[in-house]
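Which chain is which? They are A, B, C and D, in the order written, and residues in each are numbered from 1.
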Amino acid sequence: MDLTFTPEQTAFQEELRTWFAANRPTDPPDDEDAAYQWRRQWQKTLHGAGLAGVHWPKEYGGRGATLSETAIFFEELGRAGAPLPADVLGLLLAGPTLMVWGSQEQKDRLLPTILDAEESWCQGFSEPDAGSDFGAVKTRAVKDGDDWVVTGQKVWTSGAQYAKWCMLVARTGDPAEAGGPAKHKGLTYFVLDMESPGVEVRPLVQITGSPEFNELFLDEVRIPDSAVVGGVGNGWKVALTTLMNERAGLAFFLQVRLRQQLDALVDRAAGAGGTDGVIDDPVVADKIADLHLRTEALRLLAWKGLTAIERYGQPGPEGSLGKWLWSETNQQLVEVAADVFGSEALIDGEPWAYELLRARGNSIEGGTTEIQKNIVAERVLGLPRV
Amino acid sequence: MRFELSEDQQEIQRTARELLAERSSFTQVRAAGEARREDDALWAELRDLGWPGIAVDEAHGGSGLGVIELAAIAEELGRAVAPVPFLGTALAGLVVQHDASDGDRERWLPGLASGELRGAVTLPGDAVPVPGASDEGLVVVAGADGPQLHAPGSGVAVAVDAIDPTRGHGRVTVAGAAPRDGGPGGGLDRATIVVAAELVGVLQRALEATVDYVKDRKQFGVPVGSFQAVKHEAAQMLRDVEVAKVLVANAAWVADAGDQAKLSEAAALAKAAASAAGRRVSAQAIQLHGGIGFTWEADLHWLFKRAQIDAVLLGGAGHHRQRIARYAVPRAAAAV
Amino acid sequence: MDLTFTPEQTAFQEELRTWFAANRPTDPPDDEDAAYQWRRQWQKTLHGAGLAGVHWPKEYGGRGATLSETAIFFEELGRAGAPLPADVLGLLLAGPTLMVWGSQEQKDRLLPTILDAEESWCQGFSEPDAGSDFGAVKTRAVKDGDDWVVTGQKVWTSGAQYAKWCMLVARTGDPAEAGGPAKHKGLTYFVLDMESPGVEVRPLVQITGSPEFNELFLDEVRIPDSAVVGGVGNGWKVALTTLMNERAGLAFFLQVRLRQQLDALVDRAAGAGGTDGVIDDPVVADKIADLHLRTEALRLLAWKGLTAIERYGQPGPEGSLGKWLWSETNQQLVEVAADVFGSEALIDGEPWAYELLRARGNSIEGGTTEIQKNIVAERVLGLPRV
Amino acid sequence: MRFELSEDQQEIQRTARELLAERSSFTQVRAAGEARREDDALWAELRDLGWPGIAVDEAHGGSGLGVIELAAIAEELGRAVAPVPFLGTALAGLVVQHDASDGDRERWLPGLASGELRGAVTLPGDAVPVPGASDEGLVVVAGADGPQLHAPGSGVAVAVDAIDPTRGHGRVTVAGAAPRDGGPGGGLDRATIVVAAELVGVLQRALEATVDYVKDRKQFGVPVGSFQAVKHEAAQMLRDVEVAKVLVANAAWVADAGDQAKLSEAAALAKAAASAAGRRVSAQAIQLHGGIGFTWEADLHWLFKRAQIDAVLLGGAGHHRQRIARYAVPRAAAAV
């Protein structure tokens, strides 16, 4: 056991703290488009300091950070109260996927504009009738000369209104395969230019009132064959690479954000009773202690998972448990907040009210809690699929 | 021992449900919610039908019926997330009628019964957005020494946009502790039961919508409702709703039977159960709808948002559980 | 709504209270066999007062009580701190099943000795590999002349060591049907004389240390054809009648017992803090309030279920929910008790320690909680079986 | 940052596991439990190997290793439900070494380190059956003003038959409140961590036994482990165990790193997590075994019973959560 950082890691952490303190962004504008531009500017600032893609290899313009350093970066980003860069999908998902599967031409064209926030990305995986079931993808791509002609609908495409590119999975095999035993075989992974004719983006408003996601409609959109990633019919494998990258660094960011929310809640709960820096209501204290315990466990689980990956090349059970525990903990936190903060958590426009509503999505987005439990039972405990 | 509404009571409930299915569909709720404007036409119609005064004494312009009938109507209004200022007005009527002075009864009940005057009830020291509280209406703060009545224009209520946009809310900041009992004449207890009844209606609707959805929606080639995890979560929702339902029904009956000794305990049990179920069931409804359930379009959020307010209005589950514990002790001492 | 008793019901309740006060049994002996005889004597006392089978029709020697009166009987039995009669299986299960399905000869021979506690019953449904799955029954009965020759094993047969008769379900059809699509077709319901050669009863000790249940081994046991109940191949239907009777009255008894346990716990919790008749620890108070709420809900659900049966001839969702809620509540109660009572709940032989261990069986016996939830989802909510 | 045992620590754990698989199988545990007699031969063997003194200073006859190594051994003994008086003796060694006077160290540590003297630790005002507490051994009552040491023959401990029959317990009734912190030198904190570690071992075994069982056992023609409800319950067991594990590992590391400022909080987190998991996981193991799990024959009950005692020994989950809340406040104040 050694739960301290190496001198190099400590130096990196201190470098980041100093840099974040000096470069903390201003408060975000209220307007949605302006807020996006503000986060884009933040990414450019990070890029200027070589911090936009710390985990990217140096050959692609990154810093070549180790997994631990990447974790430290996301912890410090969260701790500084700074936002994620604008194109987190490009930086965490599209970029690493292209590095593995992309052609030289694709890498040369697409990677540099991710880092410098000149072109951003969205993800076209989910469909209205597919949900968590990748094999049910119905969006069709039919070869026509040197192009593929694509028609279909995608949902939950966050950032689509700002994206130049889309990671698109479509069915190039027999449509009858959808949902069948060969359902994963006929899938192909494309890079879609969002400015192509036939692409339509419609905002999908959430229960928070914010259009955080979009629906994406594709009507006979032409994609050149050169935009296929990883070969025709290989889309399932390529998409898995994308999905595997999804939560690596984010787990650290989310865990620190949870810690910050909890600290704000504890501070208020202690102040509210207000005698001597303790929480006067033992029932609230009991709940807050449990939140504190879970949040600390999430931090430790994230680091334990990293040790497993660094030493054995594969994650332990920590990763699969983390998403589930995080979403549940965040949902409990906002409910305790509703009790402690009263009105503030129930009045439109107040940050805690937004959190109360937004947290309901935590156990759905990025794989529902039900799916996470299946994964833990089947892949970690080895229980039979049926 | 007959644990169901009487024929007359069932008729009241059925009529309310049919009227609101027509007049407070999700399309209409959406129109009101998105505009943040209550449905004045619907409210006028309900006033004409005498709903606001259903449990107000006939001497003061009401129908003189009981908490059972009022709760049945509140449940239907909750089920429909009806965009009208019914709840606050009915609650104020109960507290004024049972806990206030004769003079206050004469002064305020006729207006509340006709719905001409809007009302709202809250606890001192509470910071919850209060449905119906506005400077144009009567604001009742039900304190330990009985209700304080704040007349229209008193400025005690400040309008706020609560997360439930289907009716108006006000913030009422009055210091003091919430009373341990339920009002000198049981008015606050009765009001608490009626909030719980509205909440049960909201949850019943959320459960039904969820069951319909998971029967219909397919994933991995089968209805999601055939997955055992979904089944068990739906079963848990039903259990939560049923537990709240029987405790609310019992409390309403205790209120109308005039069993003052048991009223506070019964009311606390009803609200504790409904408040706990309120958060769990409305959240689980979204969960079992998956991504769709998290969209503005899916209409579940009207239910979720009203449930969040009702769950804390006149005290949340934790507040009422502390009260219940006090009632449990003498009960045990008598039994052991 | 009318939650009061009729004058007749109140009179019956008062009659019972008076009778129980005058006839309260002595404390049970420690020895297991002696305790059984004590409960048998108690049943004889009840029978002498016409109270052994209040729900039995008068033609069979019962009191012909309505469902509500039967409920009142079990509530008052529990409230008096009195035990269930010794042959609760005969009174609640075997008797009512024979009344529906038995031949005149069977009724004449078997019913009278149930009421007067001269002969008692056990239930041979469960098997080691069947558990909750009736269709997997493997015990075989093969016709040989006028007899059936039965070989197999049963488990969870409580009271088998004292029983004269056993409600036995065995497979008279093709053994290959077990677990197959026609699995319920080849079952037959027998009355087995426990004194027959080839019957062996072995105690099955529980985690409490008590042999509350038994294993039953049948080795070429001969059962006359006249002991078939409801016809060859009709065993599934007959057994369902038995199962439907299982919890009718017991729900009221269990609910009242839970109330008594809770009252004892509350009394102690209030005394422990001991200032002014309140529970000083708000966390304990919160938990106890929830137990109180659940126990009250169980009482109301039981009565609501009875209204549904009396008015519409079929139970509402209350029955299926009750078992699940009761077992969970009882398990929570014993854990709170372990916190409140300290040592007493963790020392062998102390009543609360027995309860702590015994409660673990609540969510398994009589259909596991998982099965109860399936039933609620499928039969009450109508969710698809697959 | 390396979140796993070092090679040496892994070697200690592996050796312990192998030895106990041989010497404390369920057959052997059953023999001891049914006779209510600890396994003296096994205890002699463990004493020869120096286990009781693993974390006692070399100056006092121990091996001078840390809480990490001791916790690794305690975890294995828990996993094996070993019928030996190890836990109490090791806990007493920790408290005497870190929280007692030099004189007491010299007087008591050599005997505890060799296992010649048995020990036990409990909190004042607690009524839990204390593993190892007997009139023949040293009984430590870790109070708010430091530990009170009760020498053999003091009569402070009365032998009781706890529900866990695989080792001896005593009832120690000393008035007073449990300390808010974890001993003047962190000895009580370290002892608390080691109880949590034993509990984690018990739960890990319960989880593994359950997973094996549900993979194997068939019902309705398929392994019960293929039912989604069973899968999800098993997943929850794993989560509970993993959460407890990382918090125990962290606390042991904080103890050995000598970070006194963080020790009490880390110990409280570890014990709160392990105690909560202790009840849930051991109960769920029985549940997922179905009827079999409820039988004496199935061996799960040895795990369940030890888990019940460990869950409340040196404070249950609720006690430690109240402590955690106190540590959370200054932490938040510093951060906000």
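For this structure, a couple of remarks:
By our rule, contacts are C-beta pairs under 8 Å (C-beta built on N, C-alpha and C of every residue); 3 or more make two chains touch, one makes a residue touch a chain.
From a predicted model like this one, the values you see are computed outputs, not experimental measurements.
Common neighbours of chain B and chain C under the contact definition above: A, D.
In this structure, the chain pairs C-D and A-D differ in their number of contacting C-beta pairs, and the larger number is found at A-D.
Greatest centre-to-centre distance from chain A is found for C, with centres as Cα means.
Between chain B and chain D the centroid-to-centroid distance comes to 49 Å (mean Cα coordinates, whole Å). The mean-CA centres of chain A and chain D are about 39 angstrom from one another, to the nearest whole unit. If you average the Cα atoms of chain A and of chain C, the two centres end up 53 Å apart.
Multi-chain contact residues of chain C (touching two or more other chains): 282-283, 286, 370, 373. Of all residues in chain B, those touching 2 or more other chains are 227-230, 232, 318, 322, listed in ascending order. By the touch criterion stated above, chain A contacts chain D in their complex at residues 1-6, 9, 68, 259-260, 262-267, 270, 277-279, 282, 285-286, 288-290, 292-294, 296-297, 300-301, 303-304, 306-308, 311, 317-318, 321, 324-325, 370, 373-374, 376-378, 380-386. Only residues 281-283, 286 of chain A touch chain C when the two sit together in their complex. Those residues of chain C whose C-beta lies close enough to touch chain D in the complex are 126, 129-133, 135-136, 155-156, 179, 204-207, 209, 283, 331, 335, 338-339, 342-344, 346-349, 353, 356-357, 360-361, 363-365, 368-370, 373. Residue ranges on chain B touching chain A, taken from their complex, read 126-129, 160-163, 165, 171, 218-221, 227, 229-230, 279, 283, 286-287, 290-291, 293-297, 300-301, 304-305, 308-309, 312, 316, 318, 322. Residue ranges of chain B in contact with chain C, taken from their complex: 1-6, 9, 68, 211, 214-215, 222-223, 225-226, 228, 230-232, 234-236, 238-239, 242-243, 246-247, 249-250, 252-254, 256-257, 269, 272-273, 318, 320-333, 335-336.
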